[in-house]
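Each of the next two complexes has chain A plus one other chain: chain B in the first, chain C in the second.
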Partner chain A sequence: MILDSLLPATASTYAADIDQLFDVITLLVMLPFSVACYLFFSFIFRFRAKDGEKAMYITGTEHRYMKWIHRAHYPVLTFDLIIVVMAVNVWYDVKQDLPEKESEVRVIAQQWAWTFVHPGLDNTLGTADDITKVNELHVSKDTLYHFKLESLDVLHNFSVPVFRLKQDAIPGRVITGWFEPTVTGEHDIQCAEICGIGHGLMPARIKIKGAAEYAKWVERESALALARHMEETSQPLEIAQR
Partner chain B sequence: MAESIPVEEHHGDPAGDHGHHEMSFVSKYVFPLDHKIIAMQYLFTGMFMALIGGFFSYVFRMQLAFPGMEVPGWGVVSPADYNALVTNHGTIMIFWVAMPVLIAAFGNYLIPLMIGADDMVFPKINRLSYQVFLVSAIVILGAFFVEGGAFGGAWTAYPPLSTKAEYNLTGLGSTLWITAVFLEFVAFLLGGINFIVTCMNSRAPGMKMWDIPMVVWMIVIASILFMLSVGPLLAGGIMMIFDQNLGTAFFDPDRGGDPILWQHLFWFFGHPEVYVVLLPAVGIVADVMTTFSRKKLFGYKTVLYTAIGTGVLSFTVWAHHQFIAGIDPRMANVFTVTTLLISVPIAEMLFVYIATLYGGSITLTTPMLWALAFIFEFLIGGITGIFLGASGNDIYMHDTYFVLAHFHYTFYPIAIIGTYAGFTYWFPKMFGKMMNDTLGKLHFWLTIIPFNLIFLPLFVLGASGQHRRIYDFTNYPELAQPWQQDLRILASVSLCVMLGAQVLFFYNVITSWMSGKKAEKNPWKANSLEWTADSPPPHGNWPEGLPNCYRGPYEYSHPDREEDYWPQNEPA
Partner chain C sequence: MFGKLFAHKTIRATLASAILLAGVGVATAEDGDLARGQQLYALCTKCHMTNGSGNSEALAPAIAGMPSWYVETQLKNFASGIRGLHAEDTGGLRMYPMSRWLRSEADQKAVAAYVASMTPIRPAKELEAEGNAAVGAGYYAVCSGCHGAAGEGNQGMGAPPLAGQSDWYLLSSIQKYRAKIRGSGAGDPYGAAMQAMVGTLADEAAIVDVIAHIESLGD
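Take a look at the complex of A and B:
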């Protein structure tokens, strides 16, 4: 719809649902707003002071006038109900429901950088081939990810506008959520919760790749991660051999 | 309402403890007991703070429009400067402008005059209230001059950023910030007690509960809401000061505390606070609108019930500020329902106001223009709130400029438009002179048009994904598109025009005060009791004896009368 053009591109499974909710709310609030504006301005024009004409005496308790106020509640309540049902449905899908994961990623926020830990070839976090990147999140298109969000110091907020995703990171907690990218490309990640003087300097990028390209990237990076791990754990031996 | 009421002996002797001796300048203007002088102290302090808050917004808007520029009057805006400016702009505009002007200044000035009393019930508590408030204002501004500078963790002050100096880098500044807020709340608790007690006990003989002018009712309801909501935040403030300075860990997750606790305490106060400042503005608009449309307020009790209903509901919606803050996601459903329910009484209130115009005889004086603008602009603020109260949509909109534009469309009509409506309406009573209407209207248009040009672009920017409190958007490729920068420049230039237009206002106030046309007692031909006192009223308000009240305040254009108004004190 036309209204969507205000919003950025979409790149996740639920982004379109949120955009649709935005459209419906816009339409539903514009209706009473237009009526109210029409009455407001037409009354000001129609009932401007004229010489020798006295204003009406209406207390606002008369049924014939009051019924107009009462009747206005029906559309307001109906619109509220529609918005609540739609909003709760979207909310449930995005935040309450946790679909089965195909992969996962750890997101660590700190003053003022993002660290993203990707699983290596074994597709499990917490193993030696994990790929750690700063301010770069690499994901594969059409894969359902769980993210595990944590913070090392203050509150931050992991916001990916093209996903329509946003979640506070809280020190001392790990918050799990999900997303599934639908389009390849490169987009902004913002921190959306003030986190100190470097809050404006926490831009990160999300790189959504096709499955084949992502697999190649994982292969290369996890081999490097493994090599680094071995280098670190067997350091004394290597030095002796030299 | 028109039945005659026997004239009773007045409570107290109006001239007994007032005005019978000449007072020195210091005791009259520096340590006053007169409610009108205390109101002026609040008003002028609030206006001074508004100039500072406005200056801050000018500095950070210039930085956003032209990143890295040397802002005239400030210099280059560093990230630390930027954070301190936005934080204190928000804090000052709400706690040191909206609160003192709308509640304290109008409450102090209008309550005794509109209910026909010679002063507040507790004049000394009243004086103490202002003194504590003044100290709080000095503390919040003083924070800019201490080591490390002023606090920059946003007006919501979420811990651990606000509690740990190693994170916010403004150890002293953040303690001074929370101390100032704490003192300010103490001041308004003292003032609020006074307003409630005065309105309940000092009404003119014959003035029943349904004869109280709407603005007085609204300030009293606002004071009650404030008293009920502020407790948790005062407790939270003490916990924050302890966390910052004494090593406690209420909000420190490393030692068993919970940072989310502060958010609950803050917003349990913070959301009712919106209505605390909204209600006085709504009351002012009711009085101004009825006077200049010569109409009885449509559904007096309906307005009152919607105000009370909104107030009660406002205690049940606070977590809509925290949908994505890490609260249990199931709670969002509950708070979505309660939040959208608020649209029912608020919509009814706005409908009733529009209905008041129906059948009126409307004159567009300067105060009336402000009052009408309040309704229109607040309507926009109200409907854009629906987007944010709907949890599903808030996942995307939260903490974007859409939120910022939304609450400026509520707070600006409240704090600025509502204040101008009240100030221009009661100026003749306050200063005994008429304001220049042409200058007043010029000031109105030069304020209202730029206001919309500031915040309408910000809705668009917010929808495009622009987040708040980021000092330079060019760091983000998706926010650095030329059309977005153009909108930012439009908003900032409009802000400069709007701030510049305020010079007209101050010029108008000063010249009208000095050499304006002398105001008679009742220049607007209004009904309520303050218009029966001299302009300006002397100490004690009615030295010749306090008025009686015979009817409600909105008996305009009554069919039984030739005159189109019917003062409350006129015997039937």
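Take a look at the complex of A and C:
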């Protein structure tokens, strides 16, 4: 990979596909760009002002001049086609195809924090043992997740650089996407859409655990969530809207 | 290469200016002076407004004239995550990152001092529900033990002034304490106490009544 040293580590099944696309685009754009720069600067040098030589005025309409523009178009158009075909394939895999889930998580964006709702021991969202965390997303390695992305206020963007994942969060919509972590570790989550004055201060962390460690975490946290739920339901209260 | 770069007189002058300016900032912050507080408060104006009158749309309460000890305590509580990190505390989750702009205790003190120096502004009534202030006075007897009979607050009890606070913010705070959205952070004994105290308000009607009484204080 050409850009390995410039990009964050990869930690999802599709991260390598996106990096490969970066590489192809970089190569195919850099090649004509380099040739154009070489010609541009070498022509400036070669045809610089010289004593006794008058500049030639070229309209650029004659075939012998135009052919250099036409011929250059063919490889550029071919490169564009290659990029489009590869990008559509990756886009389909990441954004349009929705593989069957093994688990799911709710991601709620607001000014200026992330709330993550994880399923408890029943591995189902919307039940009493759901685990809610602010600015912390806990996931299990090698598990295919669907995420349900919401925004409480303005546009946000759920960005997990190590997954090469970016998805806008739009108020009023629940957007479904997917990811599958491939390595354990702790990494950044960021908002990639300017969302107000605190935008730069809403980072969160994703904690990718091994299956056994994640199971222990779920067991502990869902028990706490259940206890809180029991306490709350014994004192039914109207939740504040502000 | 870097040696040559830093040898350049323009870059040297820029670096020297930056170091000098940073030094000036630190010195004034340590003084906790109003000028520094006013400068830092510029960030708060986006929600709390320039005159500190607050803005219910931004979930920001009126803070002009709040005592500096209370503002400083809350800034520290937000910055450390004691307050504002509950998933259902929408306003708190906004304030948590903003409080972290203030990166030293001196800056927190400076902002608190500036907020305290601002002229209090009587917020307009925003709640639609009409409470009975006379009935609310009965409920308020419990609150007055800490917040004072005139809602003037009591630093010794960690109780802020209530008189002159926005009605929507009083309602929101009481509801958050009742739902344990606020006051559950470790290291917030006054918040824990408030969770217990709001239990004396039996229902929504009682809450609206006590707010009506608080709003009548200082008239």
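In this section, the second predicted complex is superposed on the first by the 232 of 242 C-alpha atoms of A that agree within 3 Å, B and C clash if a C-alpha of one lies under 4 Å from a C-alpha of the other, contacts with A are read in each partner's own complex, and residues count from 1 in each chain.
Methods note: a contact is a pair of C-beta atoms (placed from the backbone, for glycine too) under 8 Å apart; a residue touches a chain by one contact, two chains touch by 3 or more.
All figures in this text were calculated on a predicted structure; none of them were measured in a lab.
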Touched partner set for A:69, first chain B, second chain C, both or neither: first
Touched partner set for A:49, first chain B, second chain C, both or neither: first
First (chain B), second (chain C), both or neither touched by A:212: neither
Contacts of A:201 with chain B and chain C, given as first, second, both or neither: both
Contacts of A:173 with chain B and chain C, given as first, second, both or neither: first
Chain B versus chain C as contact partner of A:111, first or second or both or neither: both
Intersection of chain A interface sets (partners chain B, chain C): 111, 197-198, 201
Residues on chain A engaged by chain C in the complex (per definition of touch): 108, 110-113, 115, 132-135, 152, 197-198, 201-202, 232, 237-242
Chain B residues within the chain A interface of the complex: 78-80, 82-83, 152-154, 158-161, 164, 167-169, 253-254, 259-260, 293-302, 323-326, 329-330, 332-333, 336-337, 340-341, 343-344, 347-348, 350-352, 354-364, 372, 375-376, 379-380, 383-384, 386-387, 390-393, 395-396, 398-400, 460, 463-465, 467-472, 475-479, 556-559, 564
Touching residues on chain A, where the partner in the complex is chain B: 6-8, 17-18, 21-22, 25-26, 28-30, 32-33, 36-37, 39-40, 43-44, 47-50, 53-61, 65-66, 68-69, 72-73, 76-77, 80, 83-84, 86-92, 94-96, 111, 153-155, 157, 159, 161, 164-168, 170-173, 175, 187-188, 190-201, 203
Residues of chain C touching chain A in the complex: 43, 46, 56, 59, 85-88, 90-91, 93-94, 96-98, 100-101, 168-169, 171-172, 175-176, 178-181, 204
